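Shared between the two complexes below is chain A, which pairs with chain B and chain C, respectively.
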Partner chain A sequence: MTVVKLRDVTRVHGQVRALGGVSLEVSAGELVAVMGPSGSGKSTLLNLAGGLDRPTSGAVEIEGRDLAAVRDLAAVRRRSVGYVFQDLNLIPSLTAAENVMLPREFDGVPARRARTEAMVALAEVGAEETAGRFPEELSGGQRQRVAIARALAGERRLLLADEPTGALDTATGDEILRVLRSRCDEAGAAVLLVTHEPRYAAWADRVIYLRDGLIVDAADVRLESAR
Partner chain B sequence: MIPVLVAALRVSRRDALRAKGRTALIMVMIGLPVLLITAVLTSNATTDVSPRERLDSVLGSADARLVTLPLRTPVKQDLSAEYVRQPKAPRPDRQWTPAEIGRLIHGRLLRYQQNATEVRVNGGYDRVEALEVDLRDPMTRGMRTLVEGRFAAAAGEVAVSPALTDLGVRVGDTLAVTRQDRPLRVVGVVQNPNRPGRAELVGLPESVLGHQNDGNSSGWLADTSAPVLRADVRRLNQAGLAVYSRELIERAPRGGADDWRGFGLSIGPPEERLIGLGVGVVIVVAETALLAGPAFAVGLRRRRRELAVLAAQGVSGRQLKAVVLADGLVLGGAAVLVGVVLGVLTGMAVQSAGARWMDWTQGPLDVPWLQVLATAALGVVSGLTAALVPAVQASRQSPAQVLTGRAGVDPPGRAGRPVLGTVLVVLGAGGCFVAARRDQLAVSVAAVVLGLGLIALMPLVIRSTGRLAGRLPLPLRLAVRDASRHRVRTASAAGAVMAATMTAVALGLFAASSAAQREAGRTSLVPLDTLTVGVRVSQSDEHWSRLREETERLLPGTPTVPGMVATNHRGEELDLRPARADRQCTGGQRCRPVWEWPVVVGDEKLLRSLLRRDDQRAAAALARGDAVAFGPELVHDGTIELAVGVLGADSFGGGQVRTLTLPAVVATPAEAAQSGVLIGESALKAAGLRTAERRLYAAGVTADRDSLWRALDAVSAGVYVDVERRWDEDTVPVLFLMLGAAMVLVLGGTFAATGLAAADMRQDLDTMSAVGAPPRVRRFVVAAQAAYISGLGAAVGLAGGTVAGAAMIRAGRNAGGLGWRPSEPEIFDIPWVFLAGLVVGLPLLAALMAGAFTRTRQARARRVG
Partner chain C sequence: MSIRHGLLALLNGGPRYGYQLRTEFEASTGATWPLNIGQVYTTLARLERDGLVTPNGADEQGRALYAITDAGRAELERWFATPVAQSDRPRDELAIKIAMAVAGADVDVGAVIHNQRMATMRALQDLTRAKRAATGVAQSLVVDGLIFKAEAEQRWLDHCEAVARTSKEKNV
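The block that comes next holds the complex of A and B.
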């Protein structure tokens, strides 16, 4: 089942073409890695795929819904999409559990239920012991696990990760990729992962290469050897 | 909606606890006005003592106070027997007796008397209250608290209040009471629970005052078997007694309208009060929100990425707005809570000090909760208003741009609301012009509109000045560019400075002009700094000699000049005044009524003293027996007509006035404000009148009038003492007070914004230091930030304040206030020093202080990882 689908998507910022006609599908349980040099359009692709930005042309569908027809993109993100960034993912003044429950609360879910869901999500990523701690008290890896839990709390099945291992050491980065992989395999999540590192791309089912806003290559086979 | 609100409030609360510096800053900005207003309200309400709260100090434990009156006609009185009316009738030749009172009301009676008297303390006589009642009687329990010693138990004994012990009176001393210096021994110290600061003596009946002949406040306290009801009061009123009944006062409903007194709402018609209140609310909320605004703007900038991450997780623009507004609610609410608590405590402390040291009345602690809650609501509204612009910005930010680092500090597009600002400025300025023909309330409404317009235009002004920064030296260029980039933060702080400056300029212009107008209307016989001492002719020659000696002793080295008063053959003092005023005075000439032309009797020495020079022609005329007039208005065909009547005999209304026509010359006085007529002793003698020396003049006196009066009054009661001073002198403290208030707001607003800017710029400044900039450049940059914010606000405020001030002056004149007379020219006085201090001095001070307190040490670079 296709979770996100991009059809001939372009994005132009003023005179700069960030993406120039990209088509891509990610299915449930699939982890797709996006690689490419700086300025190749990786983050733009992620922003468009999650409805953070609208394309200049082309179409984006999430779980079958064309985002062009959706007025409240924030609601789509709350219910269907989760983002994980390289750093500053979490609100420092909230505990890990409160961070995870936040999108659910903003979706109108009462605090008690949101907390229960948050605890389930934290347990799924192996971070239930962090629930009552503040981000400052967590290691980098723990913070990213919490961010992943937040991205997948509730019914959300599309996780867009922008260099989630960028600020981590190799072992911790591997841990995070293991978590992402298990979310795909066990929970059926669809993950679009932007990374510079072939080591982490090796965890993906498929790798696509971007350059100057275009997909220049795609590999369907896992790069097991690069791990 | 509720889960969203709960989450937003949680984020705000936790964020407030993390960013303690910013939280403290915002709480001070919002909480301080709430604290001050609450303190004033609490202090006012506690000072305002109701008849119910006064019951104990007036009645003790008695049921009623029966007030005897000199007449015995039926009495009409208010509930607390403060206002009493009686039809006139011949005064009875007997006084009330306890037996007579006992026939009117059943119960035990206790005699009391109350009046003012004088006590000799520290070489002078001080006026004090005297209460005569036997405080040992249980019926007086609660009237006065015994602080030290015991209550008076015999006729020669008295207890004093703490205000007298402050003057050095001690238990065991003998006090000289009344002008007869009657000795009374001090046996104790007692305090009035409602007037702890009042100077008071308490003794047994007739031990201090003598019998009051049923007048002043005298009568009986009554301990009755049943409460004194309305019917009893009517019956006693009918017999000629006023009654203060515990029962009736305890049962009286509380005045609902009184609850609004603290806001000054009891003055003027209701719609004017409402408009006045509205103007006050807008000014307080706007100023508070502007002062707190920069901290919210900086808070938003620091949280941008955090908010963008929230947006990425699906938080909508409206919800982001709610998150930022929740900051305003949380910080405003916390500030209000702290402000109210500290305000009540401050109000209590101020009230206690005021009651003890400044003789304020004092009731039980009274917090007017309705008004305090309204103030608290204003504080919360101020917090929300301050968070509004950052909240709107947060809702409009593009998460994708923020997350990819492409978002500008403040969006470069539109600068504030220039169209709205222009419309408001035009409306406000035009409104001031129109309102100047109406009244000051209309002007204040128009001035608020003008001020709001200028605030709305501030971002545009900042952007415009930012474009000119290229030609400035490096520190100033950096500061202006940075301020221009962070438009919201800068506009808010400059707006706060602008509003404070505008208010101070408008009020300063108005105060200076009205004082100048008052000074222009001042008339005086004597030049400035001249002391006049005088007594009635009824005082003996010996008294007068002692006064002269004492005056000369008090002013060593200052020559004195004697003056005379006219008397008739019976020795009665005569009042001389011009018989008619010239009605023809027009144009630039001042038109003074006759009572502003004092007529004095004296010789050549007095003439020289009044003119402060020799005038041979006037001296010759005086010696001839002619009059010398200090102005041409009263002299007609070389003569002047004076009306002569017995002083205080109301003779000017009757027929006992005689007219005295004297040849007269006009002499130009030393000062334009001088007016009057000087006549010689010989002229009066020629008219069959006599003279007596009862005046003394001394030029160049710098001593304080009140201290001179106190010293001379101790020699002779009823002495008249005056030192001629300018009438605009008291404007200086008013202007200083306004400058001080403006300084607090200007420096507060500037430092808050500058501190936040300096923290924001730390990285830039470190980079500058890294490329070789000396430490002083950091100081210059921060000082330039402060100068830019306060200077810009002050300059715009000066423009707005000038328009509003001019309109206020014109409106004040139209309303006929400030002592303006239609014949006098309109005066627009510009207090240059005050304005320079406000518009140049304060920004300079802000810059100097900001520069002086800047940390110049570069932050040590940290290696990451």
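The block that comes next holds the complex of A and C.
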């Protein structure tokens, strides 16, 4: 099942072509890594895939819905898409559990149910012990786990991660990839991961290289044993 | 690669027979260095000749056991204390290939680099799969070592591409 589909998508900022005709599909249970030098269009691709930005031409579909036809993009983003960034992830004055609950509460989910969902999501990423603690009391790896839990709480199946291992040491970075991988393998999430580090890209089923806003090649090593 | 020292290290944990050494060697290196039993016995014979191991009777099933000697322990200590030299890197062929591609007038350097990058990424994906399947810290650290090397190669290729590109732009 295709979770997100980009069809010949371009994005032009004034005179600058940030993305020039990219087609890409990510299925449930699939982890796709996007690599490329600075300015190659990685983050633009991620923003378009999650409906944070609209393409100049081409189409983006999330769970079968063409985003061009969607009036309330914010609602689609809240219900279908989770984001994990390198920083600016968690709200400092809320506990880990409250951070995970927040987008669900915005979506009208009653607090009690949102809290239950948050506890489930935290347990799924191995961070249940962080529930009552504030972000500043957590390690970098724990904070990223909480961010992943927040991104996947509820029924969201698409996770967009932009350099989620940015400030972490390699052992902790590997742990984050292990969590993302298990969300794909066990929960059927679709993950689009932007990274400039080959070691993390290697956790993906497919690795896409962007150069000057175009896909130049893809290493596709989907093995039966990977499932 | 030192099978010799690997076997000494295993024997340092107590007497063992040939097949057992092979199994333990492969397990602790995450099966990244497969050994055949012939290599194990040849190496044991040389270690015995050099006085680093000695025959140590047989176990209840009649399998010949070997034990480490004091000289063997001293050699093992020396080995652990000596850093490994940066030589005999398999990347040498790659370095030469890239250098030749950059120097050559009609070679598409970008394509050479890109093909290598894809191949190295596939190797990295295989290693990552092996790491996920690894049981035990020793095994997973051996795989990690290979992952860091493959990663270094990827970074070097990115660097080659960026440098080759700028120098080309300057020359035009």
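Following the convention adopted for this analysis, the second predicted complex is superposed on the first by the 221 of 227 C-alpha atoms of A that agree within 3 Å, B and C clash if a C-alpha of one lies under 4 Å from a C-alpha of the other, contacts with A are read in each partner's own complex, and residues count from 1 in each chain.
As a working rule, a contact is a pair of C-beta atoms (placed from the backbone, for glycine too) under 8 Å apart; a residue touches a chain by one contact, two chains touch by 3 or more.
This is a predicted model, so every value here is computed, not measured.
Of the two partner chains, chain B is the only one touched by A:Arg77; chain C is not. By the document's definition of touching, neither partner reaches A:Asp212: not chain B, not chain C.
Touch criterion met: A:Pro92 reaches chain B, while chain C stays clear of it. Contacts of A:Pro37 after superposition on the shared chain: chain C is touched, whereas chain B is not. Once the two complexes are laid over each other on the shared chain, residue contacts for A:Pro110 go to chain B alone; chain C is not touched. Which of chain B and chain C touches more residues of chain A is settled by the count: it is B. When the two complexes are overlaid on their common chain A, residue A:Arg199 makes contact with chain C while staying clear of chain B. Shared-chain residue A:Glu61: touches no atom of chain B or chain C.
In the superposed model, A:Glu128 lies in contact with neither chain B nor chain C.
Residues common to the contacts of chain A with chain B and with chain C across the two structures: none.
On the side of chain A, the complex with chain C involves touching residues 37, 174, 178, 181, 197-199, 201-204, 207, 209, 216-217, 219, 221, 223, 225-226. Remark: chain C residues 114, 117-118, 120-122, 124-129, 131-132, 147-148, 150-151, 154-155, 158, 162 touch chain A in the complex. By the touch rule above, chain A contacts chain B in their complex via residues 13, 43-44, 47, 50, 52-53, 72, 74-79, 81-83, 85, 88-94, 98, 101-103, 105-111, 114, 150-151, 162. Touching chain A in their complex are the following residues of chain B: 1-4, 6-7, 10-11, 14-15, 17-18, 305-306, 309-317, 319, 398-400, 403-404, 406.
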